[in-house]
Each structure stands twice: as structure tokens, then as C-alpha cells.
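The structure appears below as C-alpha cells.
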Amino acid sequence: MDSFLTSRIVTDILSGLTNGVVYGLVALSLVLVWRSTRILNFAQGAMPMFATYLGMGLLSYHFGYWACVVISIAAGFAIGGVTERVLVRGLYGKPEINPIVVMVGFLIVLEAVAAAIWSTLPRGLPSPFSPIDWQIGGKPFAMSDFSVYEIVTALVVMTAVALLFRFTKLGLQLRAAALAPEVSRLLGVRVGRMLTLGWMLSTAVGTITTVLVASNFFTGLTPQVMDGIFAFGFIAAAVGGLDSPVGAIISGVVMGIILQFVGDFLNSNAIILVALAILIVSLMVRPNGIFTKSTARRV
Amino acid sequence: MTISSNRRHVFVTAVFLGLAVVASFLLTSNGHSALVLGLMTALFVIGVSVLRIPGLHTNHPVVARGALTVAALVATLIATYFLSATTNFNLATGAAMSIVLLGLSFLTGASGQISLGNSAFMGVGAFAMAIWANHHTTTPIVVSLLIAVIAGALVGLLLGLPATRLRGPYLAGMTLAFAVAFGAILASFNSWTGGDAGLQLPTAVTPPHWLTSLYQSGTSLLTTNTMWLADISIVATGVAFFFMGNLFASRTGRAMRLIRDNDVAAELVGVSLPRTRVIAFVISSAYAALGGALWTLINNSVSPSTYSFALSITILSLVVIGGIGTIPGALIGGLIYAYSSAVISWIVTQTGLKPQGNFASQMNGIIFGVLLIVVMLFAPMGISGAVLRAWRKRRSHLRG
Amino acid sequence: MISVDGLSVSYGAVQALRDVTFSAPTGQITAVLGSNGAGKTTLLRTISGLQSPTKGSIHLDDHELLGQKPENIARLGVGHVPEGRGVIGEFTVEENLRLGALMAQVNLREGLEEQYTQFPVLSERRRQAAAKLSGGERQMLAMARALIAKPSALLLDEPSLGLAPLVTSQLMHTIQHLCRTNHLTVVLVEQNASSALRIADRAVVLHLGKVVANDLAPVVAEDENLRQYYLGMVE
């Protein structure tokens, strides 16, 4: 049993899983924003990054790690809300290219301002979980306290979001506002508030993800910390289908595992190439994502 | 046009032509340059004269566009003789960029497809040029540029075929992935692409004898070389814009605009959606490849780090700021690119801020990003759109 | 009661409603009739706040509805079943009803029970996706969803659209019954003038955005001119 657990295959699966839940969370945030406001948020990595800097900046004032995490998440909510009100409001109903360009501009500004205030040097975060891989029978096992922390947090967040949407009044309103805004208004749903809340939730989820990534001893917090992960998360969301939260999570996790194998058995170059190939193939077969239920377009 | 005004038109043209030729001979020292200058000014005069023919724009729009292109080209070419090496270098770089911008502007404005992959298509052209030159040193420039364009078109076809069925965000995603993966694609063909260091052109591009003879002996190689490079770029730009202008007005162009506005209606009218979309995609990637190939010529080398995803974002931003779907917009964008640091410093001084330390080094990004947001929110038609609107307002004011 | 006073609405250069004035009394059904393009849907959308008028005022009892957001007007007790019913296909029947009950201070379980008793077919299909319902069932769902919030006024836009004659007459019966038992103010927009006039107490006829008749329903029903020119009732 021991040699099985420390075998290459299991190692790859576990490492891939750890990466995959992060991609899944990013994909989930993108889907949340897309479903509620039909906008592709290119700043989906940068906004939470900024929130994390704001929260973690308090570390130098002797706040504890967990306090800073909570403050970061609160900052994430705030940034998401303000962004929707100020930037995004004016973009509903405009051609698709408009929000993409605005969010790209926002991404550039956020990364530049973060670099200006906090510099581009990576900052280590005092994560309370050890990144050292466990040992089984003297051989390294691809799990550490930290990776368990990542996976458990990710699962908790995904479950919480799912429960929110399926079983609460608020979730019902959020879904209604996204599916049928005019009808929802007639039923008393404050659609404007629901849109803002959608952005706040998505940025908060993104902030939790960024905290996880940045707390990794080997990564640290930099303005560019989420760039690569955003790309993979975006690919996962496109493969799974921008309308499907479940699809986002599944494709994120599966992609994480597949890419880990590719990186291990081929080389690091091949990772992005395989990701690109997966994307092209899946979009050729299902142009709207694998998990999207097809809906006929009204003429 | 009456017979007498016809005659007058021809007479005036002949006079100017004569003046131009005489002036060329008087101004230059040797026979070669006189010939060249004479020819250029003659072309310019003819071009302008043709444009003045009434009714040309409506009856023979292609000829009108051709005359305009020739006149503008010639004027610019003559100007390069007088400009400094730095200016010519910037002009060459900016002109190449405006070709790329025109391609993307066309794709987005005319057919409504969003592509984030143009940095990769530029890279395809750039590397195709370098690889070919390294293996076949005697190919004339025009031919190797054409090869780069074809390479870009082929890759565009490869990507464009699966892209036809994709809606906005999915197309953006696919092109984004391509741009991000381009570096890895290059690295996979290390032996061909020269790895991190990239490739050099085997021989520097030098101007032909009749051009160098225009200068006084002893003029630096840099001056003559950059003038020649600028000229190549500018001619390529002229050709590219002329072709695009015609395409935009043609039936294919109209079909593309129809698809952009309402693809269901377009299908009902009989427009083949996938085919038109692919054509637009291939054209935009061919244009990007041309721009990249020109950059390789201008810099005499190509390096993979130039063609990163960040470049795609720059390209998209310039298209937006210049004005989506407009020809002047692409030119404006090219200019801004060539002089971006000057533009940004100007904006910074306008705001009266004096950034210190870290802020100073990040100012580029901050200004750029804010500019993007502001333009998109308040002037989505870009600079050329804003100018057009102001122009129309003035005209309606004057009409009363 | 809903009272509309001098209401004018334009879409750009097109004037959809001109100086419309009428009252829909409480506890009665007021039919709004007229051919396509007469402005009937625009009228309902303006009352419920989805459309802003250029002139005029709208009152629900003493409340001024003008300038208020649709979600607030809904919370004041105006239920609007829009053209096409607006049933959310991706939700189940029960989720649609839960959505309707959200803003109202009603006990959800009681409210659901009441609607299920009123519309038994919904009870059978409560866990099904609303997209799977037939046209008539969707109409039931849309009305139940509006009623669960215990509105004081009900705006119905062409409820009989796409329904077979038998279903339509059952539907009209139901509307009449609901109006009487709940003492609702009902504004009923209909293309199908004859079925609407059978249950209505008052009738307003619109033509090209103007009111051409505003009277008791039987009076309107008897008028030869109205029947021929505006109501398309040729007999």
C-alpha cells in the first residue's frame, strides 16, 4: 500500500488535484460573474490580488494571519461591489468588446498600482500550515498540511456557494435576476442589487483563492501572482461552459490533474500546449462548453 | 464636367507635372536621383489630379482609393529622405504596427469577432521571415514578406476553422490560449526558432544603389538603412490599407458587417456564416503576420519575448483607442505606438502629477490602463470616432 | 383601484400612447382591447414601471406609481403577468412559485398550499422544470406566481395567447373567480375581445394609442362600430 501511495501516479493525481481545485475556484468565480451579468471579467485575478494586498498589508501592523485573511475577504467583497457600481454598470447591453477592454484596462491599472505601492518583490505570508510533504514509510507523499488546507478550503467554498444558490432565498433571487431580469423585477426582486451581489461574491471567492495561492511558501504574494492561474482557470471555464458552475469546478479539477501528468511525463512546455489542445478540441465538439444545456436562440 | 473644364483640368495637371520634373532636375546633383525624384513628384501630381476628377469617388471608388493611396504614399516616401534615423525607425515600427491594428480593427469592427491572439500571429510572420531568410539568403524582400503573410494566413486558417462556431467569450478564450501558448510552441521547435535568443537575419537589409546615391557621399549607413526600412514599411502599409479599403466596401465586406450586426438575419439572406467568419479571421492573421515580418526586417532579428500575450493586449488597446473599424484609427494607433513614451509623458505632465519612486516606474501601466477604461466608457469609438463626431457637428452647425 | 390620467408614451419618434385616461375599479375586471399595435402592452408595462411615460400619471388607490421602479411597484401589490407569461423555464414549478412569494409577507407553505389547491395541475408537476409545461399550464403557473404574493391588483397581458378555445374559456372563468374571491383590481389586456368581454365589467378600447371607448363591458360589446372596426369581431 505504501509504495502505491508514494507512486508516481498517485503523486501526480494528488498534486494535480491540489492545483485543480484552485483552477476550479477561478473558473467558478468567472462563471458566477458571467451568469449574473453576462460579462467576462478579465480582472478576475487582479481584483482579488489587490484585496489580498490590502488585507495582508496589515500583517506589518501585527495583525494575525487569520485576521488578515478575513479582512482580505471583506476587501474583496468591497472591491467587487464598487467595481460593479462604478465600472460595470455602464457596460450592460453594450457590444461584447467593451467590457473586455474595460476589464483589461482595470487589470493593467490594478497590477501597476499594486506594484507601485507594494513593489513586485514576492512577499511571503505566514501561513499556519507547513508546506512540507508528508512521509509514508520514508518516501515523500504528495500531500502536506498546506495542500490539505487548500483542498479543504476549496471544497468548503464550493459547497457553500452551491448551498447558497440552491437552497436560500438569496440564491433564488440571484439566479432569477440572472436568468430573467425583467420578470424578476415584476416579482419584486431588486435586480440591480443582485447584480452587485454577484460581483461581490465572485470577487470574495477569488480572494479566498488568491490567499490560498499566495500563502504557498514557494509562491508568495506578487502583483502577477494570479496571472498564469487566471489563464488556466479561464480555459477551464470555457471548456466546462460559462453558464455552468458545476462544469467549471469539474473541468478545473480534471484539467489540473491531466496537466500535472503532462508536466511530469512530458515537459513543462507541453503543459500550456496540452491545455490549448484540450480547449480547441472541446470547443469544436461543444462550442458552448461541455456542461452547458443548449438553448435555442430567440430570433 | 464640361469639355472646357476638362481641358482646363488636364492643362493645370500638365503644368504642375512639368514644374515638378524641372524642379527635380534643378534640385538634385546627379541623373539617378533626379530621375527618382522626378518620378515620385510626377506620381504625386497625377495622384492628386486624379482625385480632383469630379464624380470619381462614386463612379470609380477603387481608382479614387488608388489615387489617394499613391499620393499619400509618395508624399510620405519623399518625407523619409528628410527625417532623422530615429524618426524613420519609429515611423517604420509604427507603420508595421498600424498594419496589424488594421487587421484586428477589421476583424472586430467589420465582423464582430474578438481576437486576443494577434501577438502570436505577428510572431508567426516574424519567425517565418527569419527562418526563411536564414535558409534562403537570396530571396528578394517582397517575396519573403509574401511568404510570411502566407504563413500567417495558414495558421489563421488552422485556428479560424474551429473558431467559426464560437461566440464572443469562447473565441476570446481560444485566441487568448493561443497567445499564451505561443511561447511554448516556439520553444518546442527550438532548433528552428533559436530558443530564448531568437534568430538573426543573415544579412542586414541594405538599400539599393539608386537610393543611396540620393544622399551625399559620406552619409552614415544608419541614415540610409533606416530610410530604406521606413520606405519598405510605408509601401507595405499603403498596399495593405488600399486592399483593406476595397475589401471593406465590397460585397464580402458588407456581408461581414451584416453578420456582425445580426447573424441570424445574415443567414436568412444567404450569407455563409462560417465561410465569411473564416475569411475575416484569415485576413486579420495575415495582416498581423505582415506586421511581424516587417518588425523582423526593421530590427534585423526576432526574439520570442517580443511576441507575448502582453503584446496582444497592447494591440487590442491601440485598436480601441485609435477607433475600432476605422482606417484612420489604425494609423492613429500606429503613431501612438511609435511614440508611446512621448504620449504618456505628455499625459503625465498634463495631469500635473509628479510621480516618485515606484510610482514613476509603473506610470506607463497606470496611464495606459486608465486611458483604456476612460476611452471605452466615454468614447468607445476611439479618437477617430470622436474626431468624426466633432467634424459632423461642425458641418451641421455651418449648414445652420 | 388603478387610475390612469393623461398618459402619453413615446418610443423615440413613435408615439405609442396618447393621452390615455381611464379607471379600473376595485373588485372588477377592466378589459383593455384593440388590435395589434394599439398600445395595450405598452399600457401595462407603463403601469408596472417597465416603461416611463412622457406625460401623465398613474395611481394605485392613493399611491402615485409614476417614476417608481418596477420592483417597488410590485411590492406595492401590483402583479403583472407579462406577454409570454415570463415563466422561468430553468426553474421548477415550485421554484417559480417561491420566487413569487419572496417579497410578500406571506407564509410560504400556506401560500404554496393555497395555489396548489387552486391549480391542482401545478401540484402534480411541482418538481418539474417549468419549461416542460404546456401553454395552458404555464399560464396557470404565471398566474399562481402572481397571486401567491396576495396582490391587490393584477395586470394580465394576453393570457389566452396560444391557447385552445376550451382552455381559454376555462382560463377566463378562473380569472373571473379569482377576481371575485380576492376582491382584486384586474386589468385584462386581450386580443381575443369576445372572450374577454364575456367576463369583464368594464372595457376600454384603444386604437393607435388613443382611447376610443371607455364604458361598461356590455355596452361596448353591443356597439356595432366598435365590434367591426376596432375589435375585429365580425359576425
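First chain written, first letter: the chains are A, B and C, and each begins at residue 1.
We adopt the following convention: contacts are C-beta pairs under 8 Å (C-beta built on N, C-alpha and C of every residue); 3 or more make two chains touch, one makes a residue touch a chain.
Please read all numbers here as calculations on a predicted model, not as lab measurements.
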Ordered by label, the neighbours common to subunit A and subunit C are none
Note, CA centroid farthest from subunit A's centroid sits on chain C
Comparing each chain's Cα average against the average over all protein Cα atoms, the nearest is chain A
Whole-angstrom distance, CA centroid of subunit A to CA centroid of subunit C, is 44
In whole angstrom, the CA-centroid distance of subunit A from subunit B equals 38
In whole angstrom, the CA-centroid distance of subunit B from subunit C equals 58
Per the touch rule, the subunit C residues reaching subunit A in their complex are 48-50, 69-71, 74-75, 79-80, 82, 86, 88, 90-91, 95, 98-100, 102-104, 145, 149
Counting only contacts in the complex, subunit A reaches subunit B at residues 34, 40, 87, 90-91, 94-98, 100-102, 104-113, 115-117, 119, 231, 234-235, 237-238, 242, 269-273, 275-276, 279-280, 283-284, 287-289, 297, 299
Residue positions on subunit A within touch of subunit C in the complex are 169, 172-173, 175-176, 179-180, 182-191
Touching subunit A in the complex, subunit B uses residues 108, 112, 114, 162, 165-170, 172-174, 176-178, 180-181, 184-185, 187-188, 264, 313, 316-317, 320, 324, 358-359, 361-366, 368-373, 376-377, 380
